[in-house]
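Input: structures, listed below.
In the two complexes that follow, chain A is the common piece, with chain B as its partner first and chain C second.
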Partner chain A sequence: MKLAQLGSRDFLKAVRPFVGLFVVLLLFAVDAELRSLFFKGGNFKTILTQTVIVAIGAMGMTLVIVSGGIDLSAGSLVALCSVVTAKLIEHGHGFAAVLALTVLVGGLAGLANGGIITAFRMMPFIVTLGMMGIARGLSKWLANNQTVNPDEPLESVNRLMDNSQSPLTFFPLPDGVWLALGLAVLMTVVLRSTVFGRYVFAIGSNEDTARLCGIRVNANKIAIYALAGAFFGLAGVMQFSRLTQGDPSVAIGLELQIIAAVVIGGASLSGGAGSIPGSVIGAFMMACLANGSGIKDWPNYMQEIIIGVVIIVAVGMDKVEPMLQRFFRRGK
Partner chain B sequence: MPVDDSSALEPRLRVERVAKRFGTTVALDGVSLEVASGEVHALIGENGAGKSTLMKVLSGAHRPDAGSLTLDGQPFEPSDPLHAHNCGVAMIYQELNLAPDLSVEENILLGREPAALGWLRRGERRRLAKRALEEIGQPQMPLDTPVRSLTIAQQQLVEIARALVGEPRVLIMDEPTSSLTQVDTENLFGVIERMSRRGVSVIYISHFLEECQRVASRFTVLRDGRSVGSGAMSGTALDSIIQLMVGRTVDEIYPRTSRAAGEPVLELCGVAGLAKPSRVDLTLRAGEIVGLFGLVGAGRTETLRAVFGLDRLANGIVKIFSHEATRSTPAKRLANGVGLLSEDRKEEGLLLGRSIADNLTMTRLGPGTHLGIVNGTAQAAAAGKWMAKLDVKASDAAQPVGELSGGNQQKIALGRLLHHEADILLLDEPTRGIDVGSKAQIYRLMNELAAQGKALVFVSSYLPELLGVCDRIGVMFRGELSEVRPVADWSEAEIIRAAVGQADAGEAA
Partner chain C sequence: MKSLLLGAACVALVFVFGCGSQPGDSSGGGLSIVVIPKGTTHEFWKSIHAGAKKAEQELSAAGQPVKIIWKGPLKEDDRDEQIKVVENFIAREVDGMVLAPLDDKALIRPVETAANADIPVVIIDSGLQSEKYASFVATDNYLGGRMGGAHLGKLLGGNGNVLLLRYAVGSASTTKRENGFLDELKENFPGIKVLSSDQYAGATRDLAYTASQNLLSRYGNEVNGVFCPNESVSVSMTKALRDIGKAGGEVKVIGFDTSVQSLRDLESGDVQGLVVQNPVKMGYLGVMTLVDHLDGKPVAKRIDTGVVLVTRENMTEPDMQALLNPPLEKYLGTGN
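Let's turn to the complex of A and B:
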């Protein structure tokens, strides 16, 4: 009996983003045109590929948001790191070096975010807003204000996001999708079951309590922002692979999409709540909406409106549910 | 019937067989209560007895399912707290409900600003605020100061002043002294007496029976949503009230098994913080409980925080198990077996949104943690053990701590130190705002811990519990700790004199 109660509470929380996704898919299934074009293996391959950048960013952002912070520099860091990737390829580095160094650049930017936030007790919003401008400027400077197209493309990097192989079937999936899935599993375990993960939740629930419990709050926060930066760096590699060029003006506003995915996935902006699977599903759901709108040939503004409504509805469910319960109880 | 005749017989407020249920939970199951005009009526009961639900019914936040309310002979059916206030029933909540950045004046008239066509009438507002402060005997309170910069006691007075705007006939006070010191409490009692003389009826809710006895003329006891007894305060022994509250006899609130102080485990020599404390010397031995008494702001909490490494030390030496360990962090202190129970379990002590299991085991997420991965089963088992040991009422170890009652929350906060197996426990107001039953359990636990050879520092503003539980007591005044003497060497009056800085005057007299 007790076990069942324990299960149901966690179950409901974990299942909410999936329900949202299910509703979206159900609505798509009602429409004949979408039914025939959307629900195809090849199309899902496309959607998954389109999810990768936001999903990888969302993994880092989930850590930050669960710990009670926010990172607005995500989009700019993705652009910066896509340029860094291009530059590294231009210099003739191999796959491993390109990947490692780009992730390192992202991580260092995150380290700067976390370091400044903790050292000067500044609001994460302000510090990362500053970093957003700095990273954007750096990427333009580094790219000489134009796109960077390596003369000799590095096939292994380009393949990460290339879904053109057998476009009509679900498999084979591009490497980037597998990488994202693997990272999602890893980060789920990290956030849910490791001591570090518990500390992230503890800091987000109540920083003072975390300090009282002997948690090194500052060190953990720096680690959280650095790790998030590393994820944005990886997303930058994916961004490069998608366009096969480094573009300093790409991913403007991406941070908001990433935050939206995390929030749709059940995270609370006041910290202490959120999950990696939820955030990834949130990213996937937004990609589904974009893809479906594309198939229906809805204009861009329709997509924007729909995604806006979805964000409000998804988060509003949390508030509406108790209200409905109260309403029905009163009715009885 | 002419109104004049009946008003002499009618009580100011009559509550008759009020019932209220939420879903399947019966919160009130037939509560009756009568309060005469100008009477101070103590409403007593353990947490969960239905006091707050009754208050919410009276203040219009809940509608009763059955029963009736009568105010001065007229049916009283408040639809919301503002309506109740306009009818003359004002409420002062346990938690302060002030806007910290607004001024005293703005807070007093918040929501009832005098206005003409939407324009604020500032002069009128000032006049009303001044009058409210004069009524509670605080005309010197600065009107333009933001409430944030006042002490808790002053904030409480602002809250009372706010309740007095609009000439209430009944004033309900929920645990008004839970964060006040003895001196501030005395001031508050003066205010209550003054209002009572003016004919305002006061319903006074408190866990502190001694206070109820001091301030109230009559009482009603609630238990399990029913009113189980009422009478005149003066003719009733406290023990029989406690018996009514818990439904059983409380033979021993402060148990004390024989114990002997052992080796010194914590030594403080001239410890000073950046602002407070200014000088603390203390030797704490294994197997003893040392109490720290003092007014709010005397530096007791600051002493514990500095010793625990939460705040910086400006001066002095800290020795733990005879090793110098002055500079420190909470993490190092915990590693050395020192634990701190925060005075503020909601803001600092607990992760309200997280599970009982996480809260109990946060400082020691083991047993069973390997390579940084927490063993959830072992964690839940450990949590279950402490929940049983501490008699925590909760559905399971996964329940968020924020859903528990104050007493159970405090047991979780204390349980964390037990799970950590701390040898030196720094307890800051461990019984604040919790019910009598939980208090008794905590006293029992403290006695048990001391008997096991653990060392406890017990900070409290409630003298009877310090006298009941501690082996030795020290008094802090303006950041300085007095000589720490065995309980038998103190008289209650001496302790209070020391707390207000009159120790020498007392001896001379």
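Let's turn to the complex of A and C:
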């Protein structure tokens, strides 16, 4: 098993998410009304800011999905961590402490996910489905069933996702966007070039083979889920910053958006394939679609249908292409 | 090969969806105004939409072309989604915005963002803890709550046990109604005991139904009257009362807002009174006030759109009928 080659399929596959994004942008450029409305610096800043939460979640989810698992607790953990952030600010903690402790809470929840999955050899789908309910319940309990509004807001946290000062120009971008971009670069390196990253692909490609090769599968899996939880924790901080309040009912169904972004980005739900840049582009593409169809004055049901179709088309390419290739080969 | 296929598929998509949307209908020089409700499926919001359309038609007839864009959050009652809609239309640089904020704090920053982009915002229906809006056009919800409380107090003859099932946390308009109701009882009907006033129904009828059942299974035997602060709670609470055989006047129900079902309940006598707002007027005045502001005319910071109490006796009067059955088709067409 050659670790270095795992996951690095052909070039075309790697650039597919970018092509998809390009096509979406092209479509918007073709439409006369959208062209003038969509392609503006301020609009792209808005879209980037709206992408941050899904993109950060997608980085964690990419690890999990590449390793052959799934994490359905992402949305609930984001809500839980947004409440935790609010509570920590209420207790007067500073920026670093709020960030670190919230990420820690997310990481611990992920650790619990990974621990239960490996210790009892349970399906990740079931365990994280349970955690989805637990985290949602915990966040409502912690927030006393209402939104948590710290009396003395912590500016540094609120500013993370704040683009209110210059809404119509591309720069300056909010801190959260830069943070997400930095993390994307870091995680790309981690997943492609570190031993841990290669193990993630190995486990996802064939768990038994990976075990026979001497990889400590269980320990690595626990690390993967814990790390993913930490990303969901960070996404929770961002969610708080967007609402400037902790909201236990926020991010319902966010896990599905995150999974869609990862899958559009080229990951396979059966594991062993996927990339961080792909997932981030997937998240950005979905935000573009939502923004474009939103400002184009389409009714909401149309927007939901379009995004649904795009997910199926983007992922369906995977299956259609080999079929067509076979068909053409037979024809010759 | 691959990119070609994806491209072909997406081009096909454009033709499917793009052609339906008549390119070139983008407003020719007129004002474009976005109206952002809390949701799009409640009948209340459809009436607001009708009012906004009415304003659009009148302004256009008066030589002031206006294009109304109606856009609710994709997921109803999701603060983050509503913030996205506001942000998207700021980036689109519309001329003005009429907004019914889902939360009186979470929407502060988006509204201030609009102010920084020189896009005036008129707040309708529900308050916002900020001053950076042009005008606040809404029902006096506190007064509506007091009206409901007074009617319930009268029906009960000044004594008995009542329940208040609150709507949702952070919703300013319903909280004011609830406070008005409780204040009215406390000041003018000291003989009435409030059994419970700390339960929240939640955003949908389904959640409200469950919450009503839970509340009634605890207090069902001692309750004489119920106040419901909005349409979904009114309908669900009445349904739950019917389930336990206490509807039809045994337990007096005062609701808020109207829908097909709650009017049916009023007619059949399961509901004794509905405090009714004027959403058509709210949508209409929201747009009119914004256009006045854009024209540089001074506008009042607070505009009241009025409430009335509808009972089985007065519901057939023409004034009430205009309020209860607004001519939605006239403005929205049959498609809505």
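What we mean here is this: the second predicted complex is superposed on the first by the 319 of 332 C-alpha atoms of A that agree within 3 Å, B and C clash if a C-alpha of one lies under 4 Å from a C-alpha of the other, contacts with A are read in each partner's own complex, and residues count from 1 in each chain.
One rule holds for everything that comes next: a contact is a pair of C-beta atoms (placed from the backbone, for glycine too) under 8 Å apart; a residue touches a chain by one contact, two chains touch by 3 or more.
On a predicted model such as this, the values are computed, not experimentally measured, just so you know.
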item: Room on chain A for both chain B and chain C (clash or fit); value: fit
item: Which of chain B and chain C A:K140 touches, first, second, both or neither; value: neither
item: Which of chain B and chain C A:N300 touches, first, second, both or neither; value: second
item: Touching partner for A:K40 - first (chain B), second (chain C), both, neither; value: second
item: First, second, both or neither for A:L168, with chain B first and chain C second; value: second
item: Which superposed partner A:R242 touches (first chain B, second chain C, both, neither); value: second
item: Touched partner set for A:G20, first chain B, second chain C, both or neither; value: second
item: Which partner, chain B or chain C, touches more chain A residues; value: C
item: Partner chain(s) touched by A:M317 [first = chain B, second = chain C, both, neither]; value: second
item: Minimum C-alpha separation between chain B and chain C after superposing on chain A, in Å; value: 16
item: Common ground on chain A, meaning residues reached by chain C in one complex and by chain B in the other; value: none
item: For the chain C and chain A complex, residues of the former touching the latter; value: 1-3, 5-7, 9-11, 13-14, 17-18, 21, 23-26, 40, 69, 71-72, 74-75, 78-80, 83-85, 87-93, 103, 105-106, 108-110, 112-114, 116-117, 169-170, 200
item: Interface residues, chain A side, partner chain B - complex; value: 2, 5-6, 9-10, 189, 193-198, 201-202, 205-206, 208-216, 272-273, 329
item: Residue ranges of chain A in contact with chain C within the complex; value: 12-13, 15-16, 19-20, 23-24, 26-27, 30-33, 37, 40, 42-43, 45-46, 49-50, 145-147, 149, 162-168, 239, 242-245, 247, 250-253, 290-291, 294-298, 300, 302-304, 306, 309-310, 313-314, 317, 320-321, 324-325
item: Touch list for chain B against partner chain A, complex; value: 23, 310, 329-331, 333-335, 340, 342, 347-354, 358, 362-363, 365, 369, 372-374, 376, 395-398, 416
